[in-house]
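Here chain A shows up in two complexes: once beside chain B, once beside chain C.
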Partner chain A sequence: MKGRPELYTSYAQDMAFLNTRPKRVSVSALVVLALLIPFLITDDLLQLLATGFVAAIGAIGLNIVTGYAGQVSLGHAFFLAIGAYTGAALSGSETGRVIGFGITSLPIWLLASGLVAAFFGVLVAPVAVRLRGLYLAIVTLGLVFLGEHVFREWTSLTGGPGVGRPAAIPELFGVRLDRDNAVFTAAQQLYLVMFVLLVIFGVLARNLVRSRVGRAFAAVRDRDLAASVIGVDLTKYKVLAFAVSSFYAGVAGALLFVVNGFFDPGSFNLLLSVQYIAMVLIGGAGTISGAIMGALFITLLPRITRELPAVLPFISGDATGAITVFQLEAVLYGVLIIVFLIVEPRGLFGIWVRVRNYWRTWPFSY
Partner chain B sequence: MSVLEVTDIRLAFEGVIAVDGVSFEVGESELFAIIGPNGAGKTSIFNVLSGVYRPQQGTVRFNGEDLIGMRPHRIAARGMSRTFQNIELFSHLTVVENLMLGRHNHMRYGALSAFLWLGKARGEELKNRTAVEDVIDFLELEQWRRYPVGLLPYGVQKRVELGRALAMEPRLLLLDEPVAGMNVEETEDMARFILDVREELNIPMIMVEHDMGLVMDLADRVMVMDFGRPIRTGTPAEVQADPDVVRAYLGEQHRSVTT
Partner chain C sequence: MDEFLQSLIRGLGTGSIYSLLALGFVIIYKSTQVISFAQPAFMLAGAVLVSYLAPAVSFFGAVLVAAVVIAVLALGVERTVLRPMVGKPVFVVAIITIGVDVVVRVVTNAFIGLDVRQVGDPWGLTTVTFLGAEVQQRYLVMIGTTAVVTVALFLFFRYSRIGLAMRAVAYDQEVALAQGISVGSVFALSWALAGGLAALAGVFVATGAGVDQQLWIVALKALPAIILGGLESLGGAVVGGLAVGIVESLFGTYQNDFAPWLGPNFALVAPYALMLLVLLVRPYGLFGKREVERL
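Then we have the complex of A and B:
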């Protein structure tokens, strides 16, 4: 239908993945931009963005269980840890100081990390079937402390606190992605791989949430009584939400430290869980694009606060002084969550919707 | 043959007896109404039928199958659908999504095909979307299709809830106060839809309602309850003439108006 882009002539068009022309144009533009970026900016920024993309995969996972299925989970750090150690152990050197099996092919250890984390998610899920809201949050919080203890003590796997172990080794079709080669630097390669993975996992998640399964998640979240009376098996969908969410967390966990190359068991603490909650709430609960925006925002935040001492002299750049950048960061997570919950509960996604609606009708107000 | 046979149901919460010795049958394409004062146990009967409560005693046979102890989603899968007294829609989802949820059990694909959205998943979604559009057409919901239901007016939400129940293609429809809180115009619209459901779709219904005009006009048979016990079951004319019913619920004045 020429000249009437929003006229649908079939339900297939209406239900398409990107069902309007502005969506198609803007998404293509973003993808092209993301593919050009590695050739435009410096390697340290690329590493930061790559970490942001990985965090986005994890945030999508948390959003599926918390934003869509309405089961508040503070245990995301635990599932990230399961993924990180599965990936690192599978791909690690067989002769090293810590456990390793030498399977360096990225698709294999990535899938395995997701599946192992999903398995633990299914183990935890029966608790979620019985509890809701605050009680579930407290139980999942317990997971983080359990995990912290186990990973601190199990030094043959984790290397122990303060020592750590090498992260998973990314190798794709025989090419080591974490080393420079003739065409690309390590940072460029990792950036591109993480971007492709984010696109794949983002598209898969978006498909899931617009399907019968995603609708059942939302039904469980909004009205569980009505959901069961219209035929949604509450137990099955709560377990499924935890499984999918933990799978995403496992995948993200395995990739999270690949850029740095090294990680410590102390990383998987409550603060990490809170950061992911912040990503979901700031980005927008119950949207895939919101989770991506939130994850990039939270990942880039430390970079911005680190520039502050130059502008505001009373903030100190190192660990000494009245207000340090590290304290400021911790405070900012809290402040941002509060501000977003009060001012824009739909998060960055909600701000985007408002901007879009303003320009859609511009110059008229309604 | 009757679609539903309820025999001697008794439901108690600790010391409070909500339903005591209720028995009734609903025949094919029959509109059966349950009336009674507040707290008489009408909604409790619905909750027993849809599996939310489990009675201490009695049997419920639905198309020959015993429903006692079955979980709600399994009962739904056998073709029992209902609306609620206080609207229980998924308020963040659009009208189309709410109706698609009504068709949850008409789709079979699982999470793995959902991830890919190819072949089976896509085909089932499209087919069921077409079925949902039939319901939208039937209940004249076209203009509200894309709105989140939380934003819609009360009367329209009641209609969407009926639509979600109809989208399930039920074999028995339970309507819990379908016109509660509606003005005259909305009530007449809803009455028209209920008659349409009976005449065009031929679905048997049980209706709980306080609007006596509506009940007496539409119902084939009426059961009157008080304090969890059935007082009288019969045609609207029989029930209205019964002195016990008049004393417990209708009141003297009502009888003089309607007869």
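Then we have the complex of A and C:
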């Protein structure tokens, strides 16, 4: 049966992790490419990509609850914040200003951040179980505001608005990843670690959504009443979706500011939530690879617009002039969300599917 | 007692702003089943427009023009951006309105600049004695105007032909179509109404302190108001808005004495806490209707 990519002789084959040979080849090629990149490009681009990978972990989390389980959450910034502060407080050192416990080992604080965020996700879930659709969206939005208030006032944890505190300290097997050493620069190390983490969490998420649990999520999303009739326990799966999503958000939050090294409680506002929603929608709701594409796209967007003044002279590079890059960047968010949702509701993933289908049947694609 | 009365009137004043915004949200929701997150931007745009027009055509003229212009703007947005999305999942449409909000707001911000712009209202921060308490004039004006607008809206929905058509569409779009009602123009009209109300609310927010780039945050307080009242209820929107205003104001006045552990400025987020509490007890708000579901 070799050479017949669409022919499946067993269910397991159909449901396999990478079920066609082109997928296996292209994914391996992408992984190899991603592992080579740190030795090819400059450190500031690496840092940007590393941030993009972390954002991708967060976007995968939001995609699980919103794209797969259909529970619209505008509260992702809140869970990111919980992860960020758990990580920072656990790994940071105690100073007179902020608390810290000095546990710098990355796996420990990463797991703890995820678990604490998941715990809060489970706390919020009962409200979510009772609410539907846009009611839920607004309640989760309220969560962001309440969270912002708490983080602003709890200065011994967060350092206070405008001041902030150092982010989590990444140390793996006794090596400080945020410092240059004999073999790698800090940016290269962080890039590689973030990439490995993204692969781990991406594979985990992919495995979750193609399992029984993932199918239950999809059933709840498509019609929750019908799902409960065929025996899906709505409460259980909604709580589970929130817990998993918050876990991912916690992990992403803890890592998000490691590259910059410093963050302040003002970062976790409604705009951050909207950015993650934009990542999921622009990438393609209900797909893992879409979430990764969307996250990289949104993270790289500021960088791309910053290059624009060189190409389009009527855009001004600093804060003066008729159209500045900063305005353009903010407008682009809005415009991109609108254009993608109207023209290509399946997002970047949908574009990729169309391109793939065109070339699959080429030259007879019509 | 004076302190309480002052606080209450301040609460009713800001609450009536939230009511105006909430009415806009509910009108759009009832006709299109979508929450328009673009309301903050329309509110901001309205206030900015008044700040530019007021020197030329007097404050009241400016308010009237701004309300009409923003209504037309909202109508245009509905026609171009929202109309292609009719029939798509409501969540997707709601996110599109976030996109609209961002775009309109960035453009408006360019007109604000870094300064605070004044809308040129005749009230400022002057106070009058009302029932023995010193209260700011502008709060009384807000309460009065909102009362008039609300009554006018209710009469409009109760007696006018278009108002009845809008209610019919809210009740059942297909049946309304079969009766010869143009559902499309009802959608457009509801956006225009909401835009006008938002512009009016924006002017009220800007009285006293003026317009700056952060003004739009105020409009988000209308969200707990509509959730409190229930998304489908116009009366609920008014009550919810006033409740949010009063809770915010009372927390601002008394929270330092009674619950200092909540931290200063808790008043600003108190509406959201109230919303969470109410929703735990009544998932469809105080006046919302419980959905009957069928497979």
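The rule is short, and it goes like this: the second predicted complex is superposed on the first by the 354 of 366 C-alpha atoms of A that agree within 3 Å, B and C clash if a C-alpha of one lies under 4 Å from a C-alpha of the other, contacts with A are read in each partner's own complex, and residues count from 1 in each chain.
Assume contacts are C-beta pairs under 8 Å (C-beta built on N, C-alpha and C of every residue); 3 or more make two chains touch, one makes a residue touch a chain.
Remember, it's a predicted structure, so these values are computed and weren't measured experimentally.
By the document's definition of touching, of the two partners only chain B reaches A:12; chain C does not.
Look at A:286: by the touch rule set out above, it reaches chain B but stays clear of chain C. Of the two partner chains, chain B and chain C are each touched by A:225.
In the superposed model, A:233 lies in contact with chain B only, and not with chain C. Touch criterion met: A:135 reaches chain C, while chain B stays clear of it. In the superposition on chain A, A:157 makes contact with neither chain B nor chain C.
Applying the stated contact rule after C-alpha superposition, one finds that A:213 touches chain B and leaves chain C untouched. Contacts of chain A with chain B, set against its contacts with chain C after fitting on chain A, overlap at residues 223, 225-226, 229. Looking at the complex, you find that chain B touches chain A at residues 50-52, 71-73, 76-77, 81-82, 84, 88-93, 97, 100-102, 104-105, 107, 109-111, 114-117, 121, 124-126, 129-130, 133, 164-165, 168. Of all residues in chain C, those touching chain A in their complex are 34-35, 81, 84-85, 88, 90-92, 94-96, 98-103, 106-107, 109-110, 220, 223-224, 226-227, 231, 263-266, 268-269, 272-273, 275-276, 279-280, 283-284, 291, 293, 295.
Chain A makes touch with chain C in their complex at residues 72, 127, 130-135, 137-139, 141-143, 145-146, 148-150, 152-153, 223, 225-226, 229, 270, 274, 277, 281, 327, 330-331, 333-338, 341-342, 345.
Listed in rising order, the residues of chain A touching chain B in the complex are 11-12, 14-15, 17, 204, 207-208, 210-216, 218-219, 221-223, 225-234, 240, 244, 286.
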